[in-house]
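What follows is a group of structures, each given as structure tokens.
In the two complexes below, chain A is the common chain; its partner is chain B in one and chain C in the other.
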Partner chain A sequence: MGSEEILAQLTDIVREVLEDETLVLRPDMTAEDVPGWDSMAHINIIVASEIQFGIKFRAAETEELRDVGGFVELIEAKLP
Partner chain B sequence: MAGSPMTSPGTARAPREAIILGSRSIGVAEQASFAALAADRNPIHTDAAAARRSMVGSVVVHGAHTLLWSLDLLAGGEFRPAAVGSIDARFPKPLYLDERAECRLEPRADGSLMLRVQVAEKVVATILVGTSPTPTPAAEPDAGSLADAAPLDAAPRETDLDRIEGERGVLITGGPAAEYGRRFPQAAALLGDALLRDIGGCSRLVGMICPGRWSLFSRLIVFPRPGREGEGLRYHVAGYDDRFRLLRIDVAGGAMAAKIEAFSPPPPVAQPDISTLAGTVNPGEFAAQRALVVGGSRGLGALTAKLLAAGGAEVHLTYASGVQDAQALAGEIGRHSGRAACHRFDVLETRPEDLMRALPPITHLYYFATGPIFQAKRRSYDPVLLESFTRFYVTAFFELCQAAWQAADGIGLSIFYPSSVAVAERPKELVEYAMAKAAGEILCQEMPRLFRGMTINVERLPRLLTDQTASVVPQSLPDPSAKVVAILRKMNAGR
Partner chain C sequence: MRFPDLDWLPRNPAWTDDFKAATSHGKPDIGELQRLANHCLDFLKTNRFGNYLARAFDGTPDGLSARPVRLALLGSSTLDYLQPAIRVAALRRLAWITTYAGGYNQYRQELGDPPEELRRFAPDMVVLAIHAEELLGSEGDVGLSAEAAAAKVEAAVGALRRVWRDARQDLGARIIQQTFLPTPLSLLGSNEHRLPGSPQRLVAALNERLRDAAAEDDVDLLAIDDAVRTDGLDAWHDRALWLRAKQQISPAAAPMYGELAARIVAARLGRSAKCLVLDLDNTIWGGVIGDDGLDGILLGEGSAGGEAFGSFQRYAKSLSQRGIILAVCSKNDEENAWLPFDEHPEMVLKRSDIACLVANWEDKPANLRRIARSLNIGLDSLVFADDNPFERELVRRELPMVAVPELPDDPALYAAALARAGYFEAVAVTDDDLRRSGLYQENRKREELLASTTDLGSYLRSLSMELRWSHFTRIDLKRVTQLINKSNQFNLTTRRLAEEEVADAAADSECLTLQLRLVDRLGDNGIIGVVIARQVPASAAMHVELWLMSCRVLGRQVEAATLNLLADLARRRSAKRLIGTYIPTAKNGMVRDHYRKLGFTEGDVAAGGATTWTLDLDTFKPIATEIELREAAPSKAAALSKA
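Let's turn to the complex of A and B:
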């Protein structure tokens, strides 16, 4: 799965968690740029991503995420 | 029974654009009444002092209450669905007592109905109402006996999270279903009052039983089914994620199956006791300080008071609402042969001259007064919020310093003003807070020119581990003790 496809699926996840159908994610965006993406939402996004992609993050990895692009790269690196 | 669930398929009508279904606030009396009905008396809903020390910082309206109110609005309005197949409610932010919440109905491309409950820009609930029949989850918790259930008046349970995964149990739901029907008549007519009671039971499950005392209700997905009375709720902890202290719970009741996601945040940050802190300061090194610690009943204020007392200072600490915390702290200091007295002082209400009359002339003033930092914003830049912060961090601070300086009558006065790294970093949600702190910094530069003998230390403090920065997400914030000791020594030197 390529980074574009991962970004598309991640966008769907974030839309569902934040209940915002219009949200568009870009690699350079941070949680600060997305209304409602706070610490609680972050956990829900992480957990939903693990289920969606069949992967598992370490706690430290989730704390170190800086932007959407980094999140996509991390998912890509963990995919079998 | 006020009504039975409508299970026939139907196409929901939806508005073309978002509409407001209603708005309201919930006060103390109504909150207590719902807590009694649902038998969810978790302290974050019922005890202002305990809620203040918790992660949410103040008394929070039950998520189930917000959900039932919203469903009542939907069911009583123009866009009442013919049938409800599922209800998916998330509670991303706390709704506090007396906050005015607005419930909006938004159209969705897939025909479902989205209710969004907001206080200004703060979203406190999103409720996705599916209008097509939805299969009930196949796996349901095993039946248990209500005879084994905790009584309704039991205290909230302190759960051992290490043993929570796989737990099964049964609980008694709260007050009679008919009472739910009376309070939420439109929702009861649409969904059946037994379902409303089961939803109230989920509140009790999370707040009182599992995880109980330390809990935050995050999400509830409900699958209605024909209602039966008096079965209670059976539950099974299907998963526990220790990275986030997140529980996933399957629930079955007479009128529904449900899935719950709930956090179990850590208990309030406990400050080290004064005996421990005494090892970090030199005996008598603060003996020359007769210090006033404003906001000294918790957090950095409480830590400052303990360290000062451990170093021999005479400490006068103030509280606005945490009288028990303040008295306990003064008692702890006294038992350690320290000198401390506590005084009620609300920087927004009490005249500082009145406080000063109750005190001997002070030599040092530490200003840790603070209200809720993370507040609901009305827009990207909220002048009302700025005014609120400015009263705390600028105006009230100035008036107190002036009164303290006058009372000091020429003996000199050293003041500590805790600013914040937010002034430079300006997180999006803290713009007004950062602006007020920046104004406070400028005032601190000016005041020594206005008041002879006054010195002021300003430090931009990083996020340190206190009640206000506690989070359900594991954090590696530094212990604030060393930072505070350094500040006290700087103040000792009068620099």
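Let's turn to the complex of A and C:
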């Protein structure tokens, strides 16, 4: 799975969590750029990503994410 | 990553589109919402749906099957993310739960001195979600003696009971205690029990001891420890999220958590299913009886396939032994349908286990209606098990109130799927539950007798019916309470009362309480009627606040005999008239004219269509019936009321 596909699937997850169908995620965006992406939403996005991609994050990893691009890279690195 | 899936519910890839279509213009009706809720939804869809419900409905929607319930979640972990799933799960059973979530680890303060917001919320029920370390302490001495370990568990249970008492006193709420997640790791291994102070053993002992305490204190349990046994701890609890976000329950498990909570609430409201309707061919045996014949169907010992069907039958039989009614709905000739029950040596289920069998070539929704009518229960009391996806879908479309679980491809897993679906959740078992399958068989014999008797009067006379009455007794308090909380159809006011309130009514000198048992030559029907009437001191009027009857005994003149008794007892208390009230609900249309039929005069119509009725006791003449009234032999120890 390429990073574009990962970004597309991640976008679907974030849209579902934030209940915003029109949201567009770009690699340079951070949580602050996205209205509603608070710590509770972040946990839901992490858990949904783990289920969707069949991976498991370490607690520290998910707190050090710099931006959406970093999130996509982390997922890509964990995919089998 | 594992999580407990709602896999007995159908999946719908277009669910989000359906949800958007249903909610984009105006509020959808309750049936539409129930349909949306009855799908296998992941936690994100569940959250979205549950959040929508809280936003869209300020009050409660029309058409609910039970009174709305206010449920507070209080405890020692983060809880607010569990609320949407509880709302959605309630909707699956046409119930409505409004939720409140306490602050992180605030439950002691919230119960000791409830904050204004919680008081205003006024919960009917409180779920207490406390983690074991909170009660046992996280840094214990693992080298405790067996006695010291037991004392520690006892102290934890004592602390918990004080919490229950506070919650009852300050909030007047019913308690649902979440059991403790078995999160501690083993220190020895398989022989962990040889280290009594091991945290794993302490939590196990606490969960065990909790069962006794909850039974004694009339607290219901939300048994996530049992759920973990099926799904695995990892599916319910994410150690990283516990440390990081103080979530005991993984967010992905929220939909199942909501299910478990809503099942208990529904059971308390008397909304659990009562009857399992089974298809026959390829559901309780392999093959098609009409085609394959008695020798050709697959059943019982000797083949793995046959044993799978046998195991499903054994589960159905066990359900019936604990009070669930069994029925059959099959596309078959009736004679063929009965054949294996009567003649196949490997059949676990026999003819006598089936309260109602409908086998013909008409569509199944029509036949399910027939079954509900013949058993005198609502369609929403039915669970329909059929291997055929076409039939399942047709029933879901036509009868959204009938529960239709998905069955797995492998018949070996049918029983587990049905158990997991939890449609028959119960909070207590009464003697009548244990005798119910027998009761329905006795009814069948009565019906057969009826078929051979043309004159109803002589049929009733031939039954030698006796109505044994008494005031409420301690020994029958559970059964009376259960009847009060689950009777929907023959129920004049649909007032629901907790066991304590029923006991209070019995002890109240203003109240006349009656429990009625119908016995005839075919058997004992158990307690089938309950009345509570109130007479304010020095008043000439006695108000019938509650009058209900089991539909099992419809058409047998019990109503008239009950009135004769009530009038007689009211006169002895110098009452001059009886005042009855009928409060209409979606289910009790059958008693709209109850009081008219008994000779009461209609009075005012109040808001909501409630009607009041008066009977002048000075001119009332007892109605002729075929029932003999008899006061049940008083048992000194059993009386609840004043002498």
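Everything that follows uses one rule, which is that the second predicted complex is superposed on the first by the 80 of 80 C-alpha atoms of A that agree within 3 Å, B and C clash if a C-alpha of one lies under 4 Å from a C-alpha of the other, contacts with A are read in each partner's own complex, and residues count from 1 in each chain.
Basically, a contact is a pair of C-beta atoms (placed from the backbone, for glycine too) under 8 Å apart; a residue touches a chain by one contact, two chains touch by 3 or more.
Quick caveat: nothing in here was measured; it's all calculated off a predicted structure.
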In the overlaid three-chain picture, which partner chain does A:19 touch, first (chain B) or second (chain C), both, or neither? both
One more residue to check, A:76. First (chain B), second (chain C), both or neither? neither
Using the superposition on chain A described above, determine whether A:59 touches chain B (first), chain C (second), both, or neither. both
Output check: A:48 vs chain B and chain C. Expected answer is one of first, second, both, neither. What do you get? second
I'd like to check the shared interface: which positions of chain A are touched by both chain B and chain C across the two complexes? 17, 19, 39-40, 43-44, 47, 59
The answer for chain B against chain A in the complex is residues 90, 92-93, 108-109, 114, 116, 121, 123, 126, 128, 218-219, 241, 243-244, 246, 261, 263, 427-428, 471-474, 476
In the complex, the residues of chain A that touch chain C are 13, 16-17, 19, 39-40, 43-44, 47-48, 50-51, 54-59
The residues of chain C that touch chain A in their complex are 1, 3, 16, 42-45, 47-48, 51, 81, 238, 240-241, 243-245, 247, 250-252
Please name which positions on chain A make contact with chain B in the complex. 17, 19, 21, 32, 35-36, 38-44, 46-47, 59, 62-63
